[in-house]
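Below you'll find the structure I mean.
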Amino acid sequence: MIYFNKSQMPLSFNHYYIRRIWIYLFCAIALLWAIGPIYWIFVSSISTRMELYATPIKSWFPSEPTWDAYIRLFQGGGKYRGGDVSPTEGLMWKSLFNTLFVSIVSAAFVTFLSTNAGYVFARMKFKGKGVIFFFLMLMMPLPLWVSIIALFFMISNAGLIDTLTGMILLFIVFLLPLGIWLMSTFVREINPEIEEAAIVDGCNRWQLMRWIIYPLSKSGMAAVFLVSLLTVWNNFLLPLIFTRSPDSQMLTVVLSLFVGQYEVAWEDMAAAAVVTMLPPFLIALFFQRFLIRGMTLGAVK
Amino acid sequence: MQSIKNALLSVFLLALIPAALHAEKITFLTPSWGAPPDKALLESFQKESGITVEIQSVQNKDLFSRTQIAAATSQSPADVIFLTQEAPSNLVAIDMMLSLNNLQSKDPLENDLTGQEFWNIGGEQFGVPVYAQLVMMDYNTDRLKRAGFNTPPSSWSELKSMAKKLKSSGIDKHPIAMKSSDWSWYLMALSMGDPMFGNDFKPIFANKGSKSRVAMKMLLEFFSEELISPEIVAGTVNQHSIFWSGTGTFHQGWQGSIRIGNNVKKSKQAPHVAYMVLPGVGNTWSFPAAIGIAKYSKNVEASWKFIRWYTGKANQKSIYKAFGLYPSRSSVAAELNDEGLVDGYSQILAQSKKVNELPRQALWWGPFTAKVSEQILTAVQTGADSDKTVDKIAAIWNELKSEYE
Amino acid sequence: MPIDRNRGTRQDLVFVAVILLPLIILVGILIYFPAIDSLITSFTNENLRIRRLPKFIGLKNYSKLIENSEFWIVTARSLLVVSLTLPLELLISLGLALLLTEVFPGRAMVRTLILLPWMLPPIVNGFLWGWLLNGEYGALNGLLYQMGIIDEYVTWLRNPDTQIIWVAVVQTWTRFAFPTIILLAGLQSIPKDLLDAAKVDGASSWQSFKNIVLPLLMPSFAVALTIEFIAAFQIFDVIWTLTAGGSAGGAINPFTKTLMLYNYELVFRDLRIGLGAALSYLILFLSLGVAIVFVTRLYNQAVKS
């Protein structure tokens, strides 16, 4: 979709290229802003400590790049050479898997449940709709640790401490308000004529959802999925309190282990950060195609 | 036939019982530097005792959060908990730790485990000492020599003038690497000779003309005269990373800090770093660490066995070799020194004779010491008067004390 | 329509119930129950360090907080952070969303790359900026020095004033991907035929933007604005790792203390959970109040156009 052009064909060859140049310029600025510091993380992960301390001239790519940090990260039995202990020994793979699992499952559930609820709030009329909506949204700005003591009590009595199920359950509940709000907003944008036509044709609500709402809300659902996934990915407090052992430990807690008693193992933390960013990056790359308008909304079948 | 089958089955089951009894599991909550570093050693312990140890590493302050939330619901986060110097105020005070008196009466702790008194609060022993670190200072001998000084300073005013010389002669822009926080003040006050706290938690640092007031004044001057880098005030670096990155001649370190200071891979100050016994009267304080059992643990016996192993010779040696943390067993320390593994042993020994502890057992110590840091930072940022700052700190102490009594 | 009305509405009610009831129960148990428990705690003087039964003291915690000037200073500071962060963030995300609806090769990669800052865990984020901004060996200093813009390293975070500005910059950098995604999705649902019709009528790009895109984008914009307001108002991670020092001592930089840090101090450091719970509820009311104002005003505006 070319937004601002007055017609589908470029007015002139030059006009087209000038436009492109502006686009690429802005993209370059945006990327510099967003990726610049990330590049620094990558550089840190392959640098030596002394190189990082260099002043005033800093090298933009280390003169002696080393993969040591990554090796230490994933290696099992670490070599203990006076302060060179790998704090995450044995934890990296497991927590990577745990975090992926919890975040994907939670995000999937939230997306599914929010789309359904979003449709209900956007299209259906029933008594108490406003109250229920308010009920679900009210506690969204509540700081997490307000609930934490009672939550801990309930979860541990249910035997769900240190389980992936417990984490998933918690995340679903905390992500739902935002998901529902987002999806009700997006569903409302869908042309109601399509739905009415379907109802006249004899569709029940479930068929309506499956054949019309889901396909048409792909971009909204992608947005909710990504938002939920990343919120889980970065969350620290819930894994800290509700997980214990490597069985269910998550990446954010493992990353905090790089802060030693006196120094921060920054090269190692940077390597772990690079690894941490990779899965969500790939998932987002896959999902961003849904954030493209696909369906022709104007046509009524 | 049936009876033979039954007999075989019962023998089989009986054989299983000892194995079942032995397959105990305990959990150990610790910061990353408390995890037993020698895996082979841990494996052999697990095999011999039949106890599986699950290690749960978290950051220190996160350890407190996790424990406090569990405590609020009368549960234990783990069986064995690593106790740092803030633990009395953060963990013992909230009734999270089990008294080891009973276990000790059956299996008394040896005398070469130094520092047991610190963990004895109100007559109950709450922890077995693991390591004992003294707060110490180290310095770059080469830079001091270039400024014309061959020996480290013997008083704080001498240190200040040395620092000024280093700065003015261009050798070091910010010669003192100390933080704008509580520890810097305690270090200076204690080493100037002020005991700071008297009997019954009396804040004698607030007395008129006390050395603590002198110390606060000088500390604030270090900042205003830029003898300490303003980056420390900004908070993105601590005194250690700034020293090892090359800025600073005098450094508030700890017992073991010269191991990193003289490591060419980690420090630009290598190989010139040496300990200095603190100037003035020279008193310092220690930050010991211990290991204890959580109150609601269901595996007390197994936990005790683990603790005895953890504080045993072999593990203490491996901890020193991996993390540089000075063992609590004096026999182990002596052995390590014989092996030539302890750098600066003579200075450590000299410094260890000049110790004046701070009252970490006070229930309110945690919030107090944090507020001290905040007051010092405020004074540095706003140029507040040092006497008023000390008065404020005394007021905070008294207020907290009254709240908790 | 000749359809069995009763059957329709009953089926509909079943539909609604099947979808909403589990959610209501889940939220009720896992969110409301602990929240109410916490509300009750806020009416007591519970303190984990002092081993005594908590006593009911009514609204004393709330009055203690409100009478103390610290609460107002901290709230003002939180609002300052919001006022610095929000405009920057929303402008950037709106611009980016518009940019990224254009078609050009490499768009997919660019869209994903700008999400990277959001994928960085908070603790790494804090240390990253600590390394970038520090005045002894920081990368920003190195870059500016080598480009010739400065001839001496600058201590960027030296004063509390600059600290707050940098906090806003880092918070923006961390979170701008979120509203960008929301706005991108929102832009997708604007019917193309409306824009085509406008073009036929001779509207310029700016006019179609102002009169068609912006009003239709309002609902998504409202969501993004509210969420980012809450995130900025309740900011914690960035300030904690960037300026509070985060050492084991638990000291909190008094110059960058915002509401959530104050809350952390009361709950986790001082362990005065009665007082801490009261503060949490004050924060909730403040956040809710503003959120409701935003949402109602923006929704009304959207409905009008």
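Just so it is clear, A, B and C label the chains in written order, and each chain counts residues from 1 on its own.
Simple rule for what comes next: a residue touches a chain if its C-beta (ideal position, glycine included) is under 8 Å from a C-beta of that chain, and two chains touch if they have at least 3 such contacts.
Just so it is clear, the structure is predicted and the values come from calculations on it, not from any experiment.
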Among line, ring, star, complete and other, which one matches the pattern of chain touches? complete
Counting C-beta pairs in contact, which chain pair has more, A-C or A-B? A-C
Measuring from the mean C-alpha position of subunit B to the mean C-alpha position of subunit C, what distance in angstrom results? 37
Measure off the straight-line distance from the CA centroid of subunit A to the CA centroid of subunit C, and report it in whole Å. 15
Roughly how many whole angstrom separate the Cα centroids of subunit A and subunit B? 38
Subunit C touches at least 2 other chains through residues 129, 131, 136-137, 246, 268, 273
Specify, in ascending order, the residues of subunit A that touch 2 or more different other chains. 53, 55, 148-149, 256, 259, 264
Can you list the residues of subunit B that touch 2 or more other chains? 65, 72, 238, 245
Across the complex, what residues on subunit B touch subunit A? 27, 31-33, 37-39, 54, 56-59, 62, 65-66, 69-70, 72-73, 75, 77-78, 238, 240-241, 244-246, 254, 257, 259-260, 263-266, 268, 318, 321-324
Give every residue of subunit A touching subunit B within the complex, in rising order. 48-50, 53, 55, 77, 80, 82-83, 85, 87, 91, 148-149, 152-153, 156, 240-241, 244-246, 253, 256-257, 259-264
Inside the complex, what are the residues of subunit B that reach subunit C? 60-61, 64-65, 68, 71-72, 84, 86, 89, 93-95, 181-183, 229-231, 233-238, 242, 245, 247, 363-364, 366-367, 369-371, 373-374, 377-378, 381, 403-404
Which part of subunit A faces subunit C closely enough to touch in the complex? 1-4, 6-7, 20, 23-24, 26-27, 30-31, 33-35, 37-38, 40-41, 44, 52-58, 113, 116-117, 120, 124, 126, 132, 135-136, 138-143, 145-151, 154, 169-170, 172-174, 176-178, 180-182, 185-186, 188-191, 200, 204-206, 219-220, 222-223, 226-227, 230, 233-234, 236, 251-252, 255-256, 259, 264, 266, 269-270, 272-273, 276-277, 280-281, 284-285, 288-289, 291-293, 296-298
Interfacial residue positions of subunit C with respect to subunit B in the complex: 48-51, 129-131, 133-138, 155-160, 163, 242-255, 268-271, 273
